[in-house]
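Should a chain be cited, it is by its letter among A, B, C and D, assigned in written order, with residues numbered from 1 in that chain.
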């Protein structure tokens, strides 16, 4: 984990309010793996004050480049969206424990389920799974047609289904609806997205091996401030905890309370 | 007085920590005159919060352009110095009452005395005085050799003397030393610079017609907050006041307490 | 349909946005920029019995997302405010809130009695929270008995409703608020500035000539929201909320905390058009929140 | 020549910079980034008698130039802190300040007595100012008698000097400080966080699950400077200053206000290397100010 000033190589608007940002720097890239995240400082001054946690969407070791994809929602991400190629961003990372690809055997099927802005970290995961011979199926859920991104990129790697809540693109409904309607089968499930989606996955596939990437408001991002803790499942004392920033953001299904 | 988002045409480092910034916009330029100032917002967010008062150094009506010259000293001006051509700056202005050129008759001699970062507003003043046929003499004081700027530009308009406190360039000493040593004579004196310099001018030339541009920490810049008041000379009640932002920044010698 | 109008004791407001006292002078400067009748109300600069020059300069210092001021209640004095400033303001269709200050109880009473008779003064704002004067000011606003006593006396002489402006520099803001309510206050306005200081490390002395100053701006917003959230649940008189407001979203946050109207101070210095801009922007935010009228949001975070 | 070393009751510090309690855990995370022995001291996270999970999440919210936290004193409990965290820290050459918290007086006494016996604990920091717990915490820090009584009892059982950490959420910080000094406190540490709140306008409820939270970061610096300026002139015990420090210049400002050492909190989240960076940068600022030793600056704005 280091702090590096990375150069913006490109910044593209790829869906409604969604940006793809490519960052370059000699060091951090080589420490990173799928499912980890970065803590980005979006401005020089003290407003906004805190860094923003953003997942790594793609790692390009040869070019010393990382890609992140984020939605310009609040103050910080909106300021980040204004930055242009050539400018620098202070990056703390890579942070957290990402998705383990060892959990799925070559030849087995992994289903990767993403909801909205939870989709990005699945891209590097998919690249890595494909590399070791795992068959990947992607189910990507978005609010509507304007929100869809990276469909072709995922399609290049494996079967890809897109669902939108309002039915303006792909199948209408949730990612769970799609999995059930299409009768998709799999050995492992990897998911990232809003908590209700993660809960639904946990409930729908209790017997499956699965990994969920969680979100929480963070302070330090490195395990020191105790902002991002969650309870551990089946802990009657309710004092056991996991830190999402360092123990996660990826947890095995059933490990922590959602 | 308006608020205009002006585009940065160029930004150049012209002396130690001193920058020349050219701003373009269709409206504000045409309201501006010599000795007035602008209130610049140097960042999007709330840090730094307040605008920065910076004098107008040159007005180019044909090109819709204004030049300001400032020293990147504290937080706000340092952030301003990082801005590049193409970016926008929110400008409130023009503010205050500038230098009146009518106070000097064509053919008469005006001496323009600037100290450090008080030099910039004298440049547009000199241009205007020369235009109406006033003979201008410039005495510019700086800390040292690295701080000198715009000497040639002033020289193009009239006799120009440069003094540095440490003697590393031009004459060693204060602007007052130069005026006395060179035996410079004049009908009107216009000055901008640190308060001790303005006081020295007031004391050295009590019988001369003169105008001094003052500085004070400002809130609003438009006369509403009462941050920038000064006492009026010869007011036994000590309740009379002038606001530097609207009644000034230029005052006749003897009008206000320095 | 008017989605923004608010009725408060003495104040019939087109919209809930007013400039905060001390940040808008007596309106003359801003009148050059826009029509003051667009404002919900105007809280004019603190008025004292006598003409005051205020504190020596520097009177302002910047802080992270905030500023300190130590103006020291500079104003032309009661007589001139009534004869000049208020008369000048008569041409606008906007209720005026007169901010009343003083060093002694008698000063407050005198100013309150006379200024409340001015035609366009629809309410008083009792400034017992100014941190920038040696006598009076905040001293009246940090002790519940003193505040209560002063409120009672001012209520007796005022022709218009009285809002007490609370200081945030207290251990128990609820206690202060209740004391004022019980003493007959018609409303509260909060918060005034937090007492602060900055030091010039080169000069080794405070930046402000006065030493201390009042902290305002976005930096103090969380303190204001917290106090309004606490107080609005403890009293039944309305609250004019302020402290760091600079956007329409901020106004909504104050309403949800429990304010029934808001005042915008420091933000006027950053953008002199901020008040009309916020007013124009509020309907957009109400649409986004699917709210018909802004009054539906009052206290919405705890109701 | 060491230009930065500072001697305080119990604390022999290489330099005056320590991470603030609660912003550095028990050091393990930062130890991966730099050698903890470079620090002047370490104020570890608040320790309570029992293991605490703390408040529900969200526990942090951002504000302009600041943040709110409502961690709620999560910690492994006295026994584990002594057996694991403090033992782990022994390998570093750095004095530890143990931050002591609790719900009842007996809790404080128990924690203070036991933790003060740990080998590397050189001082206690009595946390009577945590705004994020229902019982104890700030309740002890807003009443001078209560604070005084607790300080006396803790002094009786502690093997090391006791610093009382003051809450800024009081009307009269000087009164609190004097009460603690008279009760035997060896030093003060100030300020803890200002009580604040932010509301999510879409959800119409506070962002923090706990509702209120403690405001920290650059936004509160002027309040901290003001209080240290006031208190340092009224007491003769040393002050560890904190509240919004993020640069070497900030440290100087705190010294000039009256602090004899400083703690850095929130800034660690923005830049995890901030403490060593500040320490390395201080000599440059001392050069600029033409000062040989940083201790010459203590109280320099009023001395």
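For this structure, a couple of remarks:
By definition in this document, a residue touches a chain if its C-beta (ideal position, glycine included) is under 8 Å from a C-beta of that chain, and two chains touch if they have at least 3 such contacts.
Just so we're clear, the structure is a prediction, and the values are computed from it rather than from any experiment.
Contact with chain B and chain C alike is made by A, D.
Taking the mean of C-alpha positions as each chain's centre, the chain lying farthest from the centre of chain B is A. Annotation: 46 Å between the Cα-based centres of chain B and chain D.
Separating the CA-averaged centres of chain A and chain D is a span of 36 Å.
Inter-chain spacing, taken between the CA centroids of chain C and chain D, is 34 Å. Each of the following residues of chain D touches two or more other chains: 63-66, 217-219. Each of the following residues of chain B touches two or more other chains: 45-48.
Shown here, the protein chains touch in all possible pairs.
Interface of chain A with chain B (complex): residues 43-48, 75, 79, 82.
Across the complex, chain C is touched by residues 1, 3, 41, 45-51, 76, 90, 92, 216-231, 237-239, 241, 246 of chain B.
Chain D contributes residues 64-65, 218 to its touches with chain B in the complex. Those residues of chain C lying in contact with chain B across their complex are 22-25, 28-30, 32-33, 45, 51-54, 57-67, 69, 71, 74, 207, 217-219, 246, 266, 268-273. Residue ranges on chain A touching chain C, taken from their complex, read 45-47.
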